[in-house]
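Letters A, B, C and D mark the chains in the order given here, with residues in each chain numbered from 1 onward.
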């Protein structure tokens, strides 16, 4: 398929490479230049403008947040202005519910198609085509995109015809992961201050009743106090908690654990942790206890 | 091995059965009578007193809480008074760190051996011999008990030579599970009030990035609002959160998520939920939102 | 002084009356009509448009929130478009820090003067001229407005030259009052469920160590469970907590008690309490306890 | 009146002095010696044993906590063993509800009378006879003690015939004060990081809508970050929050603000703040914000 790919960050670069390897005719664009070298070596075209990335049957966006996605979508010569009628915008970024609704309306008005397909997975899963994709939007359009999703992920789940629903599922999932980080942080602070070996504890937990990747990855990072380099940076985690809480406010759903996580992330950033992995939230409990790995 | 088994509740009955089936010579005791019928049918002996269950090389206790365990251990003709010197008390109950230390000292003074081996798993896992066992205590004694553990569980993990360490690991694990319940409760409240199908949401989550038994079991119960019958009753969950927080107080480790869970459980009980599964804590977020499954 | 007054709600109506009684030549305006009858009877002029209220040396606004204030300030024939150069906008509404900054900039660009002067006090204090006024802005301009403030309040405090500072002080004050409501709610829930008479308790507290109007007013309302009619409605309290937290987010200041209050208000509104006094947040603790007055 | 006074700490020393000055025949006792010099200079007798302080019509105890009160009451030659039948024990310490009930029962069994009369006020108020006294117990007994209370405090309030009720009121009052500390801490952290002068802010708040001693005292300490010397030490504040929460647990009353305060105090102690005034809890918000006075 001839398509564009916009956003070549930690996640997007690996995803785009998988699409090229799968035989797609890809035009890649990134706002800050110099990110497409390895992709053009694989056979991708470098688009010098957003418009150049919008000449195919579909364009995928993988951007940091609402602001970045808005700068691509609503620029003068941007995605909505230049994407052909009937072409598909596949938004894979973690954006807000409100912004996803705004995109949906703008595409409808412009005669274009829009689906949301945010992903779960860290950069290594993006690079190896092992993402989990949560898709929502018109069913026929999603079906048309399945070959792309198959190249990017290990599984695609569809959560209905309203694109924003996929964004809400994604945000709720990051809330659940952040809750795992904080709960592990408190458990490890407790165990560690009791004098039990933190790594042995995590090894036991995650080889038995908490035998899942999230507990393993976060448990190990927290037990070692190793929060650099960031696979998913704290400001991004904070953003997703804020967006989940913004949706919860609109729907009038109090989320006390969400509020706790919000305050933990805000503290981490206030204390200079913007460069750390979001797992660093799991180190605050030990700090409160006057202890740590 | 000739051994005793005290405590034939939801968990203990299945565990004792597995030991009998594995060929052990088991004397079983329960404080309230009438619980041993199916076990004697399998070949177990019914002990009419604690002392009768304490005549072998080891005795296993599987009791509800510190009070129940204390009533067995420190009764006039109780476990500590009657267990032979050198025999082993394998305490598999979820008891407090402080009470485990007290047991350790009492057994040492009485010339007996004591290991703690609390378990993770719901009654169905107890019945099928699939528990996860966390053991701590003298290494040689634990080795001697391995055949018993192999009959009871799918894996035994050793966390050191201090028995209380196993109890703390167990309590921390139940804290982590309770955190999963609450976080799922908030996420499902959010998703549900947005109009997304709760079961489809849980199905998607738990077939992708949260593909673990805890998320599946609790997610389904919360999505359906189905909290009866209780596999693990709310008062037991509350007890374990309290014991985790009691250990945290002693060690001076603030656990804000633990405090949140404490208040959730206390509310559930105050509002009449003592008969419900502890997953019912996950229904409070929807109640706060004026919504629910 | 010839001046305008915009916003004749529970607070504004009483304030405007005091200015008329003090001899000022007042043109009053309210977006929804029919609120100026008693004021014109006192001698005020009814302005039929915003512009008509903006023909004097100053105009006071007393509006519900940022949206209402924005609709007055930034309308086509609105306050900023029609206020004469050099005239003063005295914004007494509880608005956000961000919106206050936006107003300041717009007035500067239009050659007008702007001070913020939000107030503490319930409608009865507005009617009796007993408000506490927190002012910020150019010192000479504030001095010029002092006769107005003297007619409206019992005391005016100046917190610097940046108008937004007064808004932040006001928001922080409402946060402190909301914290008083919640803490009283928890204390009264505890005392009441213990069987102690709630009113006697509040009477003792507030005649001794908590001898201040806030504890008396809120304590009595909570002890009696009497939250109607609303002197200050729950949605307004919620708005102010949100604005305080929005400022705290921008400044990166985690406020866990603020987050708790946020979730309490959100729950009150989600459960149908929009018509209640904000003191109704103080009734939630008893509800959690399965009890109440 | 001939009476004993046990417990000559920061509070008790000043209280005992007022009783001597009021003409009472006082035998004073303190477990650690060397505290009675100034009192004997005023005319008090030094009791060398608890029993010597228990020879009058009444004995007042003013001790740090349940443990200290228990060591006096239940010692072999202690208060309950030696107080004459019909004599009155006036317990003015901040003790737990459970321990107050235990004392009541022990005194009844010993044929003695017991009332609880805990106080609000810092050491300077104790020294100047300006305490607020909350009394509960048999009405006639309380009447008999009124001359003593008049010498000690500015007002005595009676909250019923069950002594423990006075203890619960006292604990709830300290919870309310701790909530004031934390809320002021968050407000001052917000204001301070915004660049507004902290002392000017507190001055404005407490000369207007928060014109009460608690806001003045705590606001000033927090604005200045001045937490030494301690007028009321953090471990005592922590103790009272724990006792309030213990009563709340027994009564099944969730207190989320209480839990937040509990975790704040635990953190303060874990981080080495045991020597600080309890107002130091109000400094944690600024620490979280990476800022401070």
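The rule is simple: a contact is a pair of C-beta atoms (placed from the backbone, for glycine too) under 8 Å apart; a residue touches a chain by one contact, two chains touch by 3 or more.
None of these values were measured; they are calculated from a predicted model.
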Pair with more cross-chain C-beta pairs in contact, given B-C and A-C: A-C
Option reproducing the contacts of C-D, where over half of them reappear, out of A-D, A-B or B-D: A-B
Distance from chain B to chain A - Cα centre to Cα centre, in angstrom: 37
Rounded Å distance, chain B centre to chain C centre (Cα mean): 53
Geometric centre distance via CA averages, chain C-chain A, whole Å: 40
Touching two or more other chains - residues of chain C: 248, 252-256, 260, 263, 267, 270, 288-291
Touching residues (chain side chain D, partner chain C) in the complex: 120-121, 132, 134, 155, 157, 159-160, 165, 168-169, 172-173, 175-177, 179-180, 182-184, 186-187, 189-191, 193-194, 196-197, 200-201, 204-205, 207-215, 244, 247-248, 251-258, 260, 285, 288-291
Sites on chain C touched by chain B in the complex: 256, 263, 267, 270-272, 288-291
For the chain A and chain C complex, residues of the former touching the latter: 242, 248-249, 252-256, 259-260, 262-264, 266-267, 269-270
